[in-house]
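Dropping the structure in here first, questions after.
Should a chain be cited, it is by its letter among A, B and C, assigned in written order, with residues numbered from 1 in that chain.
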């Protein structure tokens, strides 16, 4: 005798019907979507270079990484300056962090690297602005928009900041 | 005799092969992706506090909710002011809405709440700016970036505005 | 005798158990997620109308399309001006493209159309600003936020620029 499609008991060996299989598949697929690999990835673009707008990508990226997500920040356009050594120097007197008693950008960059956030400098922007790899803080990777997109397309969280 | 793998007819009970099962699975998985739960969620960040930039998050969020999506707006950074009572007061003379004959921000906030958009005030920004819960309009929830991220990671539509 | 759940050999016809089926399903679902249709779509909003901020949506969209993704740019708010004929005229002397030796916006718009990026003008913004369809460059489509959202919800890459 065939299984009741509502039960999850083991059917009699060799007696699985297409209906049994469809029920099993739906259960497994529902479970699989709760583990969708795209839910474990965040791909964030940092495009702005002012002190205040340096905060959101770093805060959101460290938040995502703290939740166990594989997280990258692609620093491009004006945002490339956030990981430039000169920007880091200026941040020693970060007025936003000091006044508002929050972490400075320098501290957030450290926290991001410590928790495994990948910091990627946009090669095209580097060429446009005439930057060299040595101009950037330690731990920065270098890549293009195509490499970023190949990760972003596998990520639920994709944000242009 | 086994089923032709191309047909969807019910196979003879107890005669399903691995090929039959793989065919059924592919059909079911293809259907499942059209109902991907992440396609039913939108997680939007409102980060800007000027009158004009208050429009896009509210318009996109109400559009998503009208399409049946579970939609949240996380008001953070300068965007927190959009749901501050003082901002709502100023909006009684919303020049953008008045001049261009579109809904005012106050009307869009009402529409968003009516259609079930969750309006979430960022607790960290509240602390930085010294805001209290009573400073915000009715219906606002309060949460952190981590809570936002736990929803965003399960959403296809994620936007930083 | 039943198959070892670890092997992928064809089981004896008619002897598949629920465990066999669950193993097959997990294999197929894992494969399916690597081909998640949402990973093949990018839905980008261009909301800013200055020359410099016209670059990021066009660069990211052409990058996505070059990777084989179905890509759309929804030009709304101030971003609508990027595809206005007058903007294209001004771009003949695009100082960003000229000074930095990168493609001009006009060239990027051509590249985007050539590679199949859909350029969609926001109808609501058109009405607010009093634009007509004839005001826009060739190849532009016209649509609303709801149409954009119906595509964005099926896209992993969703960005508001």
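The rule we apply is simple: a contact is a pair of C-beta atoms (placed from the backbone, for glycine too) under 8 Å apart; a residue touches a chain by one contact, two chains touch by 3 or more.
Keep in mind that what you see is a predicted model, and the values were worked out from it rather than measured.
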item: Other chains in touch with both chain B and chain C; value: A
item: Superposition of chain A upon chain B: rotation angle, C-alpha, nearest 5 degrees; value: 120
item: Chain copies touching (chain A, chain C) - same or different residues, decided at half shared; value: different
item: Centre distance in Å when chain A and chain C are each reduced to the mean of their C-alpha atoms; value: 19
item: Touching two or more other chains - residue numbers and ranges from chain C; value: 14, 16, 21, 25, 29, 36, 38, 156, 158-160
item: Touching residues on chain A, where the partner in the complex is chain B; value: 2, 14-19, 21-22, 25-26, 29-30, 33, 36, 38-40, 42, 52, 55-56, 59-60, 63-64, 66-67, 69, 100-102, 156-161
item: Footprint of chain C on chain A - complex, ascending; value: 10-11, 13-14, 16, 20-21, 24-25, 28-29, 32, 36-38, 45, 47, 76-77, 124, 128, 145-146, 149-150, 152-156, 158-160
